[in-house]
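Have a look at the structure that comes next, please.
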Amino acid sequence: MSLFLIAALPFLGALFPALLIRAGRNASASSAAMASGLAFIGLMLHAPAILRGEVVQVGIDWLPALGLNANFFLDGLGFLFATLILGIGLLIILYARFYLSRQDPMGQFYTYLLLFQGAMVGIVLSDNILLLLVFWELTSLSSFLLIGYWKHLPEGRQGARMALTVTGMGGLAMIGGMLILGHIAGSYDIHVILEHREAIQSSDLYLPALVLILIGAFTKSAQFPFHFWLPHAMAAPTPVSAYLHSATMVKAGLFLMARLWPVLAGTPEWFYIVATTGLITMVLGAVIALFKDDLKALLAFSTVSHLGLITMLLGFGTKAAAIGAVFHIINHATFKAALFMTAGIVDHEAHTRDIKRLGGLRHLMPVTFVIATVAALSMAGIPPLNGFLSKEMMLEQASHTYWLQNPYVIGGLATFGALFSVAYSLRYIAHVFLGPKRADYPAKPHDPSFGMWASPAFLVVLVVLIGLFSAVLVGPLVDAAAGAVTHEHVHAHLKLWHGVTPALYMSAAAVIGGAILLALHAPLERVWNALPRPEAKVIFDAIVGAVTRLTQALTARLHDGSLTRYALIMVSFTAIIGIYAYVSGTTGAPTRVMQGFGILPIISWICLTVATACIVLFHRQRFIALILIGIIGLVVSLSFNYLSAPDLALTQISVEVVTIILMLLALNFLPKETPRESPALIRLRDAAISIVSGVCVGGLIYALMLRDFAAPSISGFFVENSYKGGGGTNMVNVILVDFRGFDTFGEITVLGIAALVIYALTEAVLSTRVRAYLLNRKPDIDQAGDSHPGLMVVVTRMMMPIALMVAAYIFFRGHNLPGGGFIAGLIAAIAVIMQYMASGFGWASERQHLPYHGIIGSGVLVAAATGIGAWFNGVPFLTSDFGYVQLPGLEPFELATAALFDLGVFLAVVGAVMLALESLSRFAWQPGISSEHAIDINPARDIPDASTAEIEVEQGYDTMPLPTGPASAPNETKED
Amino acid sequence: MELLIASAVGLLTAAGIYLILRLRSFPVILGTSLLSYAVNVFLFATGRVVINAPPILNKTATDVTYTDPLPQALVLTAIVISFGMTAVVVMISLGAYLSAKDDNINMDDTADLQGEDA
Amino acid sequence: MISDILITICVVVGGLFGLIGSYGILKLNDPMSRMHAPTKTTTLGVGGVLIGSMIHAVSYEGHVSVHEILITLFLLITAPVTANFLAKVFINQQTKPQDLPTPGACKLWATHDKPEHYAASEQPEA
Amino acid sequence: MKLLNRLLPHPLLTLLLTVTWLLLVNRFSLNSLLFGFFLGLLIPVATQPYWPDRPKLKKPLKLISYLGLVIWDILVANIVVAKIVVFMPNSKRRPGWVEIPLDIRTPEAIATLGGTITMTPGTLTADISAQGRSLLVHCLHAPDPDEVRDEIKTRYEARLKEIFE
Amino acid sequence: MIEYAYAFAFACFAVAILLNLWKILTATEITDRILALDTMFINAIALVVLFGVLLGTEIFFEAALIMAMLGFISTVAYARFLLRGNIIE
Amino acid sequence: MNHLLIAPIVLPALVAPFIIMTLRHHIDLQRIFSIASNVLLVAIALALAAQAYDGTVQVYELGNWQAPFGIVLVLDRLSAMMVLLTTLLALAVNLYAVGSKWDERGQNFHALYQFQLMGILGAFLTGDAFNLFVFFEVLLIASYGLMIHGGGTRRFQAGVQYVVYNLLGSSLFLFALGTIYSVTGTLNMADLAVRVAELPAADSALIRVGAIMLLLVFAIKAALLPLHFWLPASYAHAPAPVAALFAIMTKVGAYSILRMYTLVFGPDVPVVDGLVGDWLLPAALLTVALGAIGILGAKEIGKLMSFAAIPSIGTLPTAVSLFEPAATAAALYYTVHSTLSAAALFLIADMIRERQGGEIEAKPLMPQSGLISVLFFTAAIAAAGMPPLSGFLGKLMILDAARSEQTAIWIWGVILVSSLVTIMGFARAGTALFWKSHGLQSHDTMEEPEIEIESYAEGEAPAAIPRPAALPFVAVFSLLAGLVLLTLFAGPMSRYAAATAQDLFAPRAYIETVLANRDRPVLDAHHGADSHGTDSHAESSHGTDAPEAHDQSEESH
């Protein structure tokens, strides 16, 4: 079976359980088992070749640019691990089927489990370290799901997050390490990397790579000081613990160390980091395990300890140690998985895992007792079980290894660890199963059904068989795996009796000492509990909590919603960077002389500066600020005029007026004054920054104006071609509607959008309670009577046609003289606004039948259609055309498509301005405002009976109808 | 002349930025208006300033100097765009004021950042 | 030459009246009176300059220029409205009905004619 | 006549606009005349809704002589008022309000009167009565308010009544 | 001679504008500020026209025309704001 | 003449006004036209991508005016890729907006949406610096409208800030363009490239100021520290589909940096030597860090997603700041990834908000919790750059490209650590949102979830009953499917990105194609296609006896 398929089967299988759960729990479990089983069979088909020492390789390119390819290979090491993963996986699937209760979503469980299984298989089959990283992180993610499987348990959620955080951190460190490793080796393919031992170990980057990779491995394999997450992951359902935390995931780190052993091991750095870490972990885990009352916690720390043991062996860097490591991986997987399952059975049956509440189960659960006892004895290293064999090998190696020239450190500590290992193993038997039967179990325990104990039983059988017939049963496998680790030919001598060796003495000491320790457990426990010791979870939580609080404080501090500060930072930053950019370059001397100036510029300058300064000084009085803005607009417009920019002058002044109207409309609803809020110091700071920015900008434009273009400006082209190519003599207009008509197209779009936004906003605001507020709003000024004075109405009526005439004039001449669609549009809009202002919103809008939306739309469409029209001529969008028409008796006149485009501009401007102002005006609409007459006071309406009017005058007031109704308005003369 | 223009641009910029740094939306809008004057004059002046040389082609005379028409066209576009922008910002801030009865430009945006997940 | 003299007169008179108008705003001591001042700027001030400009066009550019009339017309039409509005602002903010002459048979000027003046007694509480 | 009415619904306005156009263009040509006339026809139709009840001038020609009169008055009054502004101390000046009862009723006529009053320096239309039957005029210096009122009524209002009503 | 006349007129309107500015800044009455701004517009129109005459160009005519029209609108808008609060109602 | 090149701009520019003119009161028709336009845009973008695939550069001379005088649109691999990405994203988001009925919560949604697309696509296609400004403004103003779509106090307040901040940015843009024009005398990007390369040292200070201001403008759009402040609140308060569409907006900034600082102010241009790299990298890295920090601190789902978007935003310029083809290729690949994943996140956040409000805390189990949790988990994996999705590949590529840099340790450190923090943040949020609810007592489900966030304007109730609408799920699924495809076809995608990066660092072809016609005589070229008698006239106008009076207006001289 292709390695691709083996790696893919679990992932494919992951789809089914969740889908099949409707078909029942058995279907779900079977489908999971099927996928696992098929992959297992596929793996076994490769067994003969692998045991012969061959390597199976497949690969396809995935991301060749990076060197990340889907390359897989299967050698002894990969085969060993894949066998464990798939084999124990099958057992776990069976066990979990019976372990999980009806309330648990089993489909989800198997899906997660198979995802995890696939990721693990992927790790051990990868022939590319980047691919391995992909699977590596996938194990973190899928184990996160599995640990948190019981979502309602806070411990589950926290344990899952902790595991994810720690192993995720390691994974990320490993990414760095792997990238360095690949960088040194020149490839990310493992079989290539493994050939570069010399290059790697002599590289300067060896140590960083090693450390980063080891962080990944240590976190995954729960090595000190990253061991603390593993016990908390025990919140997961027991099948998960048995699978992830004994047999597979935690071994991924070991796998990685074994995988890269040929290139990383053998150096002092490797030895001191790996072996020392392993040793510490082994001892520490063993000691803690003894004092854990939770069965799973005990097993978890024992796992930590055993992982340390294997790590230490790998750290020794010798062939023999590697063999021991490989062998212990197999043995630990068998007995520890079995132990976890028995712990699960106890928990399942007795409804507690607390050793203090257990004891005497031997009588109630004989089958479980037997299984647990055999497995625990193996763990303790009691002959003839398999644990004994590999532990002997470990002690043997430990006794030969020097640590900083000291021959006793490792051996002594290893024995010490083994001693505790014996103690907690025996405690597992003695305090759970032995002793008198108790009356206070939370539930009444009894042996579970066969389905549940079948899996551990099978494993225990293996424990015994491997112990007895190791050479036959697992010899070739160990040889193949250890050969793959060491890249040498290996023949392991697996046997029970090695003669009287130091290891035997150490082992004996450990067993005896362990028994004594167990006997002294109660007093020791009191001492242990009295000892102050760091609680890893507390520290971890404190760190995470502190980091979280820090980030929250920082985030809140930085993003507190203060636009003022955001702007301040932006302005300061820009100024600093800009000054830096200027200072770090060179400027040539001015190439132009400064021009003199006459009276008009100086007057304008005085007006502008004084008005600007006064705006700053008086800005809290908003209305006055608006008046001052009017001065600035006027002066800027005058200056444009003076400086040969008549089009700009016209545009500026027209825009100015509309802007003022808009602001006044808005100010009606806003507070009329700005409170003084910033302290003087803040104002000083703001002023300083503003002045610096102003000086920068002013200095920049001053420098620019006194230098010529470095190369001739493209403007020469426009001067050259605006008439002969664009058909107009007003170059600015030709640029706007022709050379750069596309900009103008964008510009009118902006204007149209602005109006749409304003309209939408008005609608949004008026659809809320603000509407009621506005309707009930009392004006905050003393409103004068006669809101639509007749003089104004008459004048605007008179002005409107003339203004439109002016607009037409400005429009038509624009191509040749200052003007154009935009200014014309503004003037036309202002002509209409005049009506709104004079005669009232209601009256004027009743007379407006074209929807402003439509006018905007048609404007943009006309402009676009003009542009598209060029396509039919076979020329690009917006290509203009013009010609001169001669009618009899008349002078020739020009027709240009640019005028059509300008018409689009005109329409868009009119529509946009009107829609915006009309929307804004709707805020002020009040039901009491009559729109029947434009002129409030119009004696012409009284003419029919002027005589009676004279009399009624004395009775009341000639005014608009009151909002309160006609009854309270004593005026009847108005009716006509 | 250049000095007048440059100092005016600088002053408008400074005043604009100062007002943008105020705490209420209305002065901020005033500030953006002032700033856009500064920008427009700045952009205009990048074509270098000339008196009495409007970019209107004189077809009958030769040797006529014209001011650079391109910055003028750019400024026109910029004026129109900034008008649209001003209109929008005026309206949005009005909407914000009417909804919140508060025209403070700064909002307390830390409410959804506090607290701690157990 | 004659045109030069005419232009000079027009322009100088225009300038003078423009100045007087603006000076008046400073000099006159009550707000209503100040509103009169700009009339001079509007009429003779700008008007003088515009006429000067027209004569200039005829004598120097050699063609009749009439569009200046439009500007004058605009100013003449619009200035009364401006004045009217400013006066209304003044009346509204600074005067009470009794400060002004009573308009014939009725009691109020339009600016003072607002709901609260006669609804004070029976105005329903809003 | 009816046909003419339909073709040329607002003859005076059309005329005014055509002249405006020619003034704008500032150079007489047939092209301009025709185009101005065309716009002059079009725009009044488009703006018709905004000017309901357009007054029919009874004596349009009198309007011209009225304009001449006003221009002359402006000239004279300007000089008078300039003297007041420049030379007369504020303490000697007698500003005051004058009420002008109105005989005219048409808004356009009242507006013209108001405009005339304001444009002739020295007087200023400030307000209209709540029923539109009198104008409130402010005088820059009016030792005798009645004289001002009478002059306005005879010199301007009477003429306007003739023209408009 | 005519140059002096223009210069004189120029100076008159320029000074007038400064006087207007002074009034806008120092006025106690809000009406005076608006009035001064309106007058400033008118003086500016005169300046623009004069400038056009000086340069012998008609290019400034439109500017003057539109200033005349728009100065009025903004003045009315300011005044209406003071009168009614709402300038379009 | 290949008019397809301008179609991505013209199509929305036609559809939007059409919608506002005729379909304002027919939301269903609006939807049909809007989505149809979107589909068509995807097709156009595909065709354009096919045309650009082999590396040919195409130029569209608007108004038939040759560069550098007229405005040109330029299609190359980079712009084709960005256009395609935009249209695909927009289609998915549009489906979501329709399916979730977000588009009904205010006026003019679809018109603004189309205009927004027009702006974004125009920015990607234009070859003119000032035209870029115009399209920036188009997309900005449309985004203002979309940002406040549906209304609500907080949204308005955030909107004001967003607008004001961007107004400052726009001002800076114009200062920059003015400076650059003033020194070089041109606006066309290719022409700028030619002229800036030849600038004398005497102009270096001024052009450096222009260049740096331009960079800051783009940095604002790209939300680079310390110019990113507009982003968190804007994204968090914007309607979800809009926030999702905004995912591409930050890319406009990154795109512009990439374009201008390879083409015009490239690493080998003497006068701007050492200007950009000095601080771009630190800023980018700080941005990454800051985003990660924000993720951990977020208490509301929208805020979380906003901050989640920031690291990806910063990762891009980190790679760009190396100004080196491999890193740029990685950045481009990552761009595609981060756009899709950020959009998916915002949409998923909206699904959660709709069902249980926005606070990240235990709530009664929401409807479709299982499905949404799967989506959340997938998108979170993608956003955090965890395997197996494209984010991981993209990050690997960036890290790999950076490994021989002096600054590699910083880049690696920040990116990797921020990944970890991102993972932690998402894990915290995910467990709170989807797992904790299982721990709540059943009586809790009787309580109405308390809605405090502003996505619901006053009087607007959250949809209490799960909407059966499938369209939102389709939209999210398709975005995630895009990520899966991006992962599976990482090889071809990275090849395209690598080719694009090569193009960018060897801009000769771009410049030569754009400026090919610069010396073309105008009359022949411009009116060459005419045949109706104006030609002779136009040509005669070359002389001095041009027609004196056109219509009413004429010279007064």
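Letters A, B, C, D, E and F mark the chains in the order given here, with residues in each chain numbered from 1 onward.
Definition applied: contacts are C-beta pairs under 8 Å (C-beta built on N, C-alpha and C of every residue); 3 or more make two chains touch, one makes a residue touch a chain.
Note that this is a predicted model, so its numbers are computed, not measured.
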Write down the pair of chains with the top C-beta contact pair count. A-F
Innermost chain, where centres are averages of C-alpha coordinates: F
CA centroids of chain B and chain F: separation to the nearest Å works out as 24
When centres are defined as mean Cα positions, the distance from chain E to chain F in whole Å is 46
Between chain C and chain F, what's the gap in Å when you average each chain's C-alpha atoms? 55
Distance from chain D to chain C - Cα centre to Cα centre, in angstrom: 13
Provide the list of chain B residues touching at least two other chains, using ranges where the numbers run on. 20, 25, 28, 38, 40, 42, 45-47, 52, 54, 56, 58-59, 70, 74, 77, 81, 84-85, 88, 92-93, 95, 99, 105, 107, 109, 113-114
What parts of chain A, by residue number, touch at least two of the other chains? 154, 548, 552, 555-556, 559, 561, 563, 565, 567, 571, 642, 646, 667, 697, 701, 704-705, 713-715, 718, 723, 729, 739-740, 743, 746-747, 750, 753-754, 757, 761, 764-765, 768, 783-786, 789, 791-792, 795, 799, 806, 809, 816-818, 891, 893, 937, 953, 957-959
If I count partner chains per residue in chain F, which residues reach a count of at least 2? 130, 134, 137, 141, 144-145, 148, 151-152, 160-161, 164, 168, 175, 178-179, 181-182, 187, 232-233, 297-298, 428, 458, 546, 549, 551-557
In the complex, the residues of chain C that touch chain D are 16-17, 20, 23-24, 27-30, 32-33, 35-37, 39-40, 42-44, 63, 65-67, 69-70, 76-77, 79-80, 83-84, 87-88, 90-91, 100-113
For a test of understanding, state which residues of chain D touch chain A in their complex under the given definition. 13, 16-17, 20-21, 24-25, 29-31, 34, 39-40, 43-44, 46-47, 49-53, 102, 105-108, 110-112, 114-115, 125, 127-133
Could you please specify the touching residues of chain E with respect to chain B in the complex? 55, 57, 59
Within the complex, chain E is touched by chain B residues 52, 54, 56
For chain E, which residues count as touching chain A in their complex? 10-11, 14, 17-18, 21, 24-25, 30, 33-34, 37, 40-41, 44, 47-48, 51, 59-60, 62-63, 65-67, 69-70, 73-74, 76-78, 80-89
